[in-house]
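In the two assemblies presented below, chain A is common to both, partnered first by chain B and then by chain C.
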Partner chain A sequence: MGSKKSSQQLATIVISIAMLVLGIVCLLPVIHIIAFSLSSPAAANSGKVLLWPIEFSLDAYTYIMDEPKFGKSFLVSLERVGLGLSISCLLTLLTAYPLSKESARFRSRTFYVWFFVTTMLFSGGLIPTYMVVRAYGLLDTIWALVLPGAVQVFNITLMLNFFRGLPKELDESAFVDGAGHWTILFRISLPLSLPSLATIALFTMVGHWNAWFDGLIYMNRPEHYPLQTYLQTIVTNPDMSRITNFAELKNISTRTVKTAQIIVAMLPIIVVYPFLQRFFVKGIVLGSVKG
Partner chain B sequence: MKKRMGKVRIMVLIVALAMVSILSACSKENTSEPNTSNGAKATNSQPATESASETTNAESETVDPLGKFDPPIEVKIGRTADGFKFEAGESIDKNRVYDFYESDLGVKLINEWIVPGDQYAAKSNVAISSGNIPDVFMVDGIQLRNLVEAGMIEDLTEVYEKYVSEDTKKTVDEDGGYAVNAATIDGKMYAFPAVTQGFWTSNMLWLRQDWLDKLGLTPPKTMDELVHIASEFVKNKPDGVDTYGLGVSKELSQFVVNGFFNGYHSYPFQWVTDSDGKIVYGGIQPETKTAVLALADMYKAGLIDKEFGVKDAAKTREAVIAGKLGMVYSSFGYAFSNIKDLYVNNPDAVLRAYPMPSADGAPAKAYVGPTAGSFWVVKKGFKNPEVVIKLANFFTEHWMVNPKSDYGTGKDSGIMYWQYSILQFNSPLLQVNEHRRVKASFLANEPFDKYPNTSNEYFYLKGMYDYAKNPKDNKNADVQNGWMYNTTFGTPNSGAEVLDYYFTNNQTMTTPLKIASTPTMSQKMPTLTKMEEVFYTKVILGEAGADDFDKFVADWKKQGGDEITAELNN
Partner chain C sequence: MNSKRWSKNLQLHIMLIPATLFAILFSYVPITGIVIAFQRFIPNRGFFKSTWVGLDNFIYMLNMPDIYQVLYNTVFIALMKIIAGLIVPIVVALLLNEMKKKVLVRSVQTMIYLPHFLSWVILGGILIDILSVENGIINKVMQGVGLPSVFFLGDNSWFPFTLVITDVWKEFGFATIIYMAALTSIDPTIYEAAIIDGANRWKQTFHVTLPGITPIIILLGVLSMGNVLNAGFEQVFMLYSPSVYESGDIIDTLLYRVGFVDAQFGVATAVGLFKSVIAALLIGTSYWLAYRLAGYRIF
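On to the complex of A and B.
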């Protein structure tokens, strides 16, 4: 018995150390970037900076504050996440709820399920999608970033399965009490599904925050770019063999500014993450029927 | 029963979707057609005006290359805008340069889209694939070919002949006709070439002069001397830290050590003319084998960073700045990047450029690449295709021949208004000529305000004086810039001076290519280049040897190389 306990303790220690190492490995690059952004350009460019700033300087951050493009892109990203999150979650809920019902109660259910699944398997491709967006006159508007990906079938599946896991008795008793589908969705199913809603909200949010390619394709002005598109344009290394003017050459010297922008862009999502993550903890549903 | 119904529905749905996707594929292929028909219609609906203008032209016979459009026309453009600054109240859509175009040329420029330079390819590709291009915009050689094949752009042969100004023609032809040739497909000129310099691909040897002096060494004339210097650098650690001999990074195809190969008269990743006057690929010639094996020997001797295969050019620059590396091959503009920080960290650092040493008696020749990689095209059906030529004339006249200070650089703000202009191009020898002027002025001790403050020479010369006055004042931003200008444009042994040396001594190998790309080239060249890069890396690391070279050559030929060679020689 005693040996079992001590071996368990040993296992705990080993696992803790392994996780600690893993955590540090994940954290090191971030610390390096922070140290880099706080160093003087000359020190940073000579590759001396590892985990602690050398010749401490806040110049890179003051530069960003004065750089109107960064702020503008930041606002576009916030707007995009705000709109995208609310629209996406609403549409997902409204789609997942009926689909979670049995075929007996929702006749064409199978048809619709396959309808959505097919879109998961086949996509129009870049150019056709672009042409659709153009035809709807969405180019260069925030809606081009929000609407095309608003209904994520994967999220619907997630939500749908969660709804199905809810005891049917809850619905039935609500019906008996005279509730309609809207009431059941918003007063019963939704509150019980907060963990999965939080999950898809997190997915959507991170997805919107990180997306950059659509910004580049659909937006016609750099000042309409969301933050990640803007960052992408400043952090990519130019192909040296294609440089044919001095402006491009000079551009590669501002690495402290680039790292500072990466840090600032990271902050919001880091702040939000822990708050949403606690919703991942499940088990809320288990108690609801027994009570 | 119900289940079967479901299945039927699914089948119907899948079939329907399949049809939709097929249909959409069809319509994608046809995208160019509506454009062409639109274009045809547009030209058809315009016969009256066109013939009218032709007759007026025929009557007057003299065409004013800078003639104003009356009434003014609107031109939708796609363009780049990187790091532009504006005076209060101005923007890229409304500024003094755009107003100038409108008032003096009768062209109202409308930015259909604006994109940062390094994303231009992605954005313009989407525009082309979706069949929705601006009236006037810039494309690369491959896109030009695609646009011509899809019939999406205007033939400019006639308007070019008719409207091009003397000065514009002089600049465009300065490279001996490459640029115009590259813009011509099947005998028709489809674009105005944005002429630039071909020597950005030319390598030279950059050395820490203070290290050479410290160790009592002289700049290398032969490859053996180069290896000797590299080993002396490694042995003596002139800056007191572990030192690499020769800078090499993983992007071999981006000309990071091409100068070394040139020393063996080898031209990897580039096309050259052989003794029979035929176009051949430099990477598969026997000289390349010798060169890459010599590089492998240096690696074995510990003169090259052991980890070069995973380090990019930014890391090599870091090593130079940190005083860990004193010998690199690069272009004449090497010091114009963050290399400046070498001097910021160490006031004694002196970086000098030298012509490339050679393995035998014959001098190494620097490779001069294409002088036009970008082309301005006009959308099919646009009423005034001559606008692109007139815009080029306008640029030549007001920014090159008679620069207007109002549209150059702001006196107090330092804002560069000239950047707002479009259809920019410049002389294929621009920086060499600038260097010649600046050097002469510097040696004659002429004041820098001899040059207008809109010109580059003004800043270069001023910087060189700043540096010459206080060479050790490395914390002063003006002197830092002076160091950079002096190293790039000054004398002795600046980057541009070595270029000048190459050109005056005929030590250049100019690209034999007369076109920007061939069909197979646009398809297979990226794969072949990657293959070549991987092979050289393996040889340098010692994983492949001399015997594998023949196999590489055979593979290269088989996987499209032969095809491209044949196309180029046709």
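On to the complex of A and C.
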């Protein structure tokens, strides 16, 4: 009996170690790239850098800080996140609130629900959507990145389910006191649902920060690229050496500069990651296997 | 009373106006744009003034030399991703479930979820660097232990597997969440009963835990059937190059090149329509199966 128990404990320890190793292996590529970007070009190109910087140097980072295209695209990304976040959250609130009412009270609810669900099931596809955005004159403007995906039906569903969970007595007593739907939404429902809204806002932010393909097709001029699109063009073009000043070549290499840019683009996600992790478990379980 | 309710409901309608407009402008209008598939489309003439060509674009598509290889690549890569994406998270969730220290479980989860939140641009940038033949760390290490170097992103026999493995790297951690949630919902008294009956941990896993999460496994497996034509555009677009078109070109990347590089908008839309019709059939079937097998309903 005693040996059985100790073999069980041994199994637990082996499994725990294996899982920790798995977790670390998942992070190794990222750690390697961080170490690489912080190494001197000579050490980096010699292939000696593994998981710790060799000949520590911030030159690649100081170089990209002075790189106008990098800074410009960083600003485009910030603008995009700001606009996208506010528009999407407002639309989510305004849409989820009416749809959270019962069909018996709000007869047109079923129609609206199908109207929005349809947009999730069918889409025109890449080319028609592009042509429409083009026809609206949105190409090369920040609105091309913000408006087409502004209505997020999935988020609306999450918010709607949260509104439904609020006690009905709140609405009813407010109605008796003469409040309209606008007052109830912004003075009662919204303050009560701030945690849910925060979750949705966080995911919208991450989505906008990470998006790059729309930037590639909707923006004709590279100076309008958001950061991830800019990064996409430099990462996939091996010949595109942006280093023109030869005096600088001693201190940096294209490869350390590339990796430094990857790391900077990753930073905002790393910063919000603890919050993301706290929120998402609930969200994904609610969305994917609701009972 | 009735007019009061009507005016109250009017407020609800007004709230819905903005999202309705957005949905019309950016979802419904593009849906009508599908007519491009039947036209020789010229952007300046718009949807309804371009020349109608019937099914010419579809015939052209079916006569493209690579189309069958591309279809095969798409289904092959997508199926491998679906299978790996089902098995790996289940195994990891079962193993995590065996760990006793909750702090350790949390730290492992924190490490394996992270790649999910990074874009394919960032992960692609990292992968292009570490998988490179001359300087990549992976090949350096492989040479160090005496293995031949491998062109993961340029060799047709490796490329599809590189795609599958890197996709698992990005998504398996996140997919374990669902299984972990399902595991916690198993009634603990069943385990107690099993232990009293003398079941060891293997037996508990195979006779209690696995049957407990089988409905979720069936559900997710069936629902993933809808993805048989989605081999992962962003990932392939980041990682592929002309030398691996033979094994790595998929419907979506072909569509992108036909549409945006060759500017054959009609053909590209036809390709897209072809894909979405098949996808709609697959999704419809998978939801029907999910309903029949697991009682799952979307709405």
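The rule is short, and it goes like this: the second predicted complex is superposed on the first by the 224 of 291 C-alpha atoms of A that agree within 3 Å, B and C clash if a C-alpha of one lies under 4 Å from a C-alpha of the other, contacts with A are read in each partner's own complex, and residues count from 1 in each chain.
We adopt the following convention: a residue touches a chain if its C-beta (ideal position, glycine included) is under 8 Å from a C-beta of that chain, and two chains touch if they have at least 3 such contacts.
Just so it is clear, the model here is predicted, and its values are computed rather than measured.
Engineer: Counting only touches as set out at the top, which of chain B and chain C does A:S86 meet: first, second, both, neither?
Structural biologist: Neither partner.
Engineer: Examine A:T62 and indicate which partner it touches, taking first as chain B and second as chain C; both and neither are also allowed.
Structural biologist: neither
Engineer: Look at A:S103 in the shared chain and tell me whether it touches chain B only, chain C only, both, or neither; answer first, second, both or neither.
Structural biologist: In the superposition, A:S103 touches chain B alone.
Engineer: Going by the contact rule set out at the top, does A:F111 touch chain B (first), chain C (second), both, or neither?
Structural biologist: It touches chain B, and chain C stays clear.
Engineer: Figure out whether A:Q8 sits in contact with chain B (first) or chain C (second), or with both, or with neither.
Structural biologist: A:Q8 sits against chain C, while chain B stays out of touch.
Engineer: Chain B or chain C: which reaches more residues on chain A?
Structural biologist: Touching more of chain A: C.
Engineer: Once the shared chain is lined up, is A:S173 touching chain B (first), chain C (second), both, or neither of them?
Structural biologist: neither
Engineer: Who does A:T259 touch here: chain B (first), chain C (second), both, or neither?
Structural biologist: Second partner only.
Engineer: Which of the two partners, first being chain B and second being chain C, lies in contact with A:A42: first, second, both, or neither?
Structural biologist: Touch partner of A:A42: chain B, not chain C.
Engineer: For A:P222, using the defined touch cut-off, is the partner it touches chain B, chain C, both, or neither? Pick first, second, both or neither.
Structural biologist: Only chain B; A:P222 stays clear of chain C.
Engineer: Give me the intersection of chain A's contacts with chain B and its contacts with chain C, in residue numbers.
Structural biologist: After superposing on chain A, chain A residues 45, 47, 108, 115, 118, 122, 124, 126-128, 130-131, 134, 217, 232, 236, 255 contact both chain B and chain C.
Engineer: For the complex, give me every residue of chain C touching chain A.
Structural biologist: 5, 8-9, 11-13, 15-16, 18-20, 22-23, 25-34, 36, 41, 43, 46-47, 92, 95-96, 98-101, 104, 107-115, 117-122, 124-130, 135, 137, 140, 169, 173-174, 177-178, 181-182, 201, 216, 219, 233-234, 237-238, 255-256, 259-260, 265, 268-269, 272-273, 276, 280, 299
Engineer: Using the touch definition from the top, list the residues of chain B that touch chain A in their complex.
Structural biologist: 2, 6, 9-10, 13-14, 17, 21, 24, 28, 81-83, 111-119, 122-123, 126, 129-130, 132, 196-197, 200-201, 251, 253-256, 312-315, 317-319, 321-323, 331, 333, 336-338, 340-342, 344-345, 373
Engineer: Across the complex, what residues on chain A touch chain B?
Structural biologist: Answer in residue numbers: 41-43, 45-48, 103, 108, 110-111, 114-115, 118, 122, 124, 126-128, 130-131, 134, 140, 216-217, 220-222, 232-233, 236-253, 255.
Engineer: So in the complex, which bits of chain A are touching chain C?
Structural biologist: Interface residues on the chain A side: 8, 11-12, 15-16, 18-20, 22-24, 26-27, 29-30, 32-33, 36, 45, 47, 49-50, 90-91, 94-95, 97-99, 101, 105-108, 112-113, 115-119, 121-136, 147-151, 156, 175, 180-182, 185, 206, 209-213, 217, 228-229, 231-232, 235-236, 255, 258-259, 262, 265-266, 269, 273, 276-277, 280-281, 284-285, 288-289.
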